[in-house]
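Next up: the structures, one after another.
Here come two complexes built around chain A, the first alongside chain B, the second alongside chain C.
On to the complex of A and B.
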């Protein structure tokens, strides 16, 4: 660093960059994860029991369950039509005996039948600011527990850095910050700025750098107990680990994709998850709902009419038609082109412009909780290998077995940038073997603990064929409002119609928007009728 | 947990057969797929018209034999194994999941599904595409109608964006890469002839312009009308038919003259279909004798002409290829051919005669085939 040319402002910018704030902000913006979710609206829906309003909801996932729940309470007559064999959409918790309906690759989950051996194959986490999701957990009585999303004792591992050796995240982060702080300290100490700083500023900066990087009183980084002791610390004095090589840290990639993970919008610790599985959210809605739900019913036609919407669906080899006053449609947008409809051209074009996301997960039943022997209790190891992440269960600590998330692929490989379709095309057995081999580079004997596993490539799950709708900035600008607002009496909904695609909060937010819009128009209609009579 | 299938009070819900009237008419009703093939419609659409968002091709209108062949190609790994063929990779396990009986059954289901004609989504130079297509027409037919004998599927019933993707796949060795995939190899070589993307877009734009559109009924009427008009005047402004000299009654023209500005159609050779498909493939009965085969050829040409909006009266030039009939000591059965020919040419209803040549040749593509007829057509204005 050529400190001689640093202006004070530039220096402050640099501090921001080194400390991560700017970098983190830009990273998360690039990932499209930085939108406000806000507090849930106070829905005060007009009761319409006497007006006999009918509503058909397409798809049985979070957004439609939420809408049916609210409308039912306001006296609407609802029905839900679901194409697949189950309720919940991408809220899917797999347990012993469950069927995974991957097109061409049906699997049965072979986990042992134990309450703690489950796998959240879709939605898995609820951060504290997802207020709509938390609101429904609260009112529906879904018991939550803290989930250690971030664990500094878990590892970062890259085949191309540190000889492929897994490094504790705490060690990597302490050293990275320590060295950065030392550079900052030196720059401030030498007063290497265009404009001099006040003595007070200078002194505070030096102290800040010492504190931020855990430097010694002379502003040198010589290791820190933030990285964990090499030995000791209890019956004898703790001994610091030797430091990592700073240039090797800079050569590695973890600081690009993982170091600030737990500081991003949705992933800042702590996160929460329902005790016993994410599908408890779905079950909680079902306990309250009277709305009939028809499963294995595939929609073939959606026709918008002046006074309602006609839905033709196919159930057990027969066609049925239902006519309702309003339709709430959570069918993945990429399917709409294959369904008969009379949508206006621009509306159909908007729906066709969303791309399919390709999230895949693997759940592995491990014969032994070997990670707990490595002082890891919950949290996530990051790797630049294709599997991306390993999640250790936060629940069931000290039980014999546990379900580990063995791969988390979202779109493409961090290292090779290969699209994660490579993973989709493998057979379920190949995927487990693949996850095992890459896991071996992180934990010794990892694959020998694998008893069985399930893989869920959402891009090829029956009636889903995707997870995480892709919106480019241009598509967002052109179509978001068009699709968020109803076309006639038809509302497109779901996490796909939100700024939080692939999160339950996105589905809740979309449902909330639609409910408020419906209520407004129904109030206006009713007022007009009353005025006329 | 759920309240089951209780029908709610206010809903209209019944089997569609009883109340589909509000829909746009019976033709608009998607066919209910057999239970075990419901999953096909997830990606290919309720009426199998294809879904670009999933890169799933149109299946409605696809010939059953081609459906079978492609499902087998997926099963064998000829398709759906190349790293760059992401959509094919998605399809392959579906094909693998089908039992052998299922493949036949699925082809029957596909044959029964009707859907609206594909929309044109690709811009290109149709005239250039037309010229480029000439090399394709040998296998896929002059009007892109397909030719089972040569293994070329129909192209006019497919979505244009899918044709473009597949042409690129062939050109880039993403499709047709397997050594024993004969047809794929053949097509890969053919796709090289097209060269760049622009050429592909032009050909596809041309094919898309041949696709049967909604107004095709009207177009057919117009075509019929104009061929009637042509019948009335043997020599019109565009086509002059010079008769054979010496008042010959032989039903061909000495020469046919076509003025500039007339659209000329080169129609591929047409071979017969089986006269008796139940007969053994190698038996005489399968294709029949020369007369039977020629009648069959003209019938097939009639179907192709109808799609092109032309009639036998518009044919200006014909080449007849006859294989020696083993039952006639290896000599061609010219008389047999003429019996069939005179039912279509030189009649009261259809007096227009083409310039014509006939040859005896050593053999045709299919064993037992005795007749192939190739024509040039002047499109009526």
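On to the complex of A and C.
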């Protein structure tokens, strides 16, 4: 038998015979089979039905649902413990009658009971390279549709720029591109660079600038129909708008925080979303799962043992204990310090070092889809006002009503970058009023269309107290690998343990890493047993 | 009664009493009430039920359906004559079993009979500012969905650039923006302009360039995750791709023909399309219309009379004549010379001066949605090969099969700009083979997925012989107004008589102009009768 013909499994069996489980595990890690390709791994988990492996999963969000789904199929005996009253974590779609469990501000969603009147208060978008999320949508039968994200007909609005007037993004962006291209043209035309360009490149660069900015043949920007015509274009000749003042554009802030967002990997068109609400992903997992899920069960203790993990949780005032061979833990890291545990110091320190995001969203039921009268069919208006963004629904076009995302606060001020939690401190009614007032600066009569609303300040959501995890570069360098890898038989998981926090793909990627790691060690154990037998 | 209280109608009645119908008509035109706002006019047509006005409409495309719909509601007695076997004109959605009436190449569409397997061979997209098209979708109950158009994960591919390798648009575009921004940064940094910038603007401009191109803090472009990571980003840190060579980008042609297309007014995201096929617009009109439509009826003569228009047409080998008070004519202008008429010379010359577009499309049924495995969910790949574009369907995500637009030829070569009609001369089988071969240069195994296809070279479609109208600036200046306005009681209409040829919005805009003009003259006639009575 030569090396080429030696199967991975047979090789690991030989290692196991020589050095036991630990040697197999370390060897399989060293083989570097975990290279990330972006594509979901072909999990091909070893079926352990005969071995009776037990698993407890903490939290009922995407990462644990994913792991339970895969482990069930591989014959593991799973159990999920969830602290809150619901399944899905930050995959939260609100509809008529839903309860929002904000600490001190329980809200009931009062949207009309109609299929198109829902609000994705957490995860909302799936880009095409989030292959794991898309893989599960595919295999679980979650129907997807394209959603509008970037919309050049939506607005940018800043109190301190252009007299506070909302400006269509296409106007701002066409003019900014135009003036910038004019600068390039001039500089190239004058050979204003240290390293000379070839004459051919120079000529091409001039043409490139003209094409990039829609300049006139002399390299001047005099407006473009990319900004939308002022009038005409159909029955009569189109007339260009006057251009914005470039200095005023530079003095505004949209180019700092929003102009290029659709250039980014995650937000470039097209974006997808499940037809009818993002929680269809959760529902699709639940249709397949047999794993019992205990709701309203708060974990009080996590004790790592040689051969497993002991979990104590509180359910309806009583303490219960579960012992399992393995534990997958998606509890927000900043909660761990409040749970009794026997974690090594550095592991606990890593968990304590993660900060927690404070995004807030508000969903407003509008009596009329007034934005469609303004040529806006979905997408996002961006403002430097505190509300940050307005999202218009791109499903349910032409229906009477729609749910608008009326504010998307990031926990800091767009203008000063200072942390800000004023929104969390408001009552739900105050938030609706606040969103309405700032919305009035963008759409005339905006607040008059608001029928009701529901606000989700993630920093105050019961059993969550935040969203996403903040990794500074230092913390990442010091702790990421430590936390991604298991401590004994305990795996920290969730979008928090990924390079894509606040995205479902982060949760799926974390689950995938943990599943592959578990599978390797279980294979190693089995191989070691085989070798020893 | 002062001028302020004088209603438009009363004023026109007074003019009518003094000068008759012609004076009223000219006066109402002079009042300039036809300013184009982009929004559909509130037509508010005078109801003429009592007056028994008859109208004949030539051609059964969007413009005549629109006019018949509005005139029916205003009590006109309408009739539509259509030369071909079908209704809808260039709103053509092909499904299983449909016949494509190409001269000499009749084809039957062999797609599987499934709701998602359709091909919009003509009109395919509706942007948010096409308010007339959207207005009719709304009032007629045509359900719309967002479609992917620009897709940064689709490819640009040129035989003569980057070794013929397909490159994700996001990579090309991020790198082009980056290098261009680096040039701007350098030029501003060196103050390389005649007119000095203020220090503040200069500093902002440097920051703008950094933000625009995702440069490093020193103004250098070293790659960006806007191009997509080479690896990682989820389970491990993302690693940037190497950058393309800027000189090679400049030497390629995508920036000339495709890179900025999503910046343009008509193609910027989001685009919409009717759920299930664009011909739902046609079907929606037909659900409302009572106007009889005679198919397979070729017009042979159009004679303008003082009080009406006489139409002679051939139907099943027999000649028939209709006389109507008004005629709306959407027959392609280049056909008019072959129809007996008594048009004034300049009017006929104007019609003869319009060239006709030669776009071709091909729809391919693919056995597998292989593009979704490449992270592509809808949108367009752009190539300088003759096929021009590949469109991936963004509806029916995750289904087994899909209909791909496998070629979109513009009647000239993207590389040489020379007119080209080689595709029209091929047999349908040759076209499928040709599209497959060029597609193989973009997707590995592309042609192996092709199950069948249907090609629509508009220049050879029976009773059409082209699509859209070509207006040179000279022809536009000389003839547009002449042709947009009626000759006697004969109106030329259709997207050909608009500034938005090849778009449904052009057809709707033309219809709107004609309807308003008709209404004015009818009101004037009525007013003159009142004044004279």
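A few notes on this one:
FYI, the second predicted complex is superposed on the first by the 487 of 533 C-alpha atoms of A that agree within 3 Å, B and C clash if a C-alpha of one lies under 4 Å from a C-alpha of the other, contacts with A are read in each partner's own complex, and residues count from 1 in each chain.
Just so it is clear, a contact is a pair of C-beta atoms (placed from the backbone, for glycine too) under 8 Å apart; a residue touches a chain by one contact, two chains touch by 3 or more.
Since the structure is predicted, the reported quantities are computational estimates derived from the model, not experimental observations.
Contacts of A:412 after superposition: neither chain B nor chain C is touched. In the superposed pair of complexes, A:290 makes contact with chain B only, with no contact to chain C. Legend: residue contacts after superposition of the two complexes on their common chain; A:460 is shown touching chain B, with no touch to chain C. A count of residues in chain A touched by chain B and by chain C gives the higher number to C.
When both complexes are overlaid on chain A, the residue A:272 reaches chain C alone and has no touch with chain B.
In the overlay built on the shared chain, the residue A:138 is in contact with chain C alone; chain B does not reach it. In the superposition on chain A, contact of A:318 is made with chain B only, not with chain C. Interface residues of chain C, counted against chain A in their complex, comprise 34-38, 128-129, 131-132, 134, 137-138, 143-153, 170, 173-174, 176-177, 180-181, 183-184, 186-188, 190, 192-194, 198, 200-201, 204-205, 207-209, 211-212, 214, 225-226, 228-229, 231-238, 247, 250-251, 255-256, 259-260, 262-265, 268-270, 272, 372, 375-379, 394-395, 397-398, 476, 484, 498-500, 505-506, 509-510, 512-513. Listed in rising order, the residues of chain A touching chain B in the complex are 52, 54, 77-79, 83, 87, 103-105, 283, 286-287, 289-294, 298-301, 303, 305, 310, 312, 314, 316-324, 333-335, 337-340, 342, 352, 354-356, 419, 421-422, 424-425, 459-460, 462-463, 465. Looking at the complex, you find that chain B touches chain A at residues 1-17, 19-20, 22-24, 28-30, 32-35, 38-39, 41-47, 49-54, 56, 83, 86, 89-90, 92-97.
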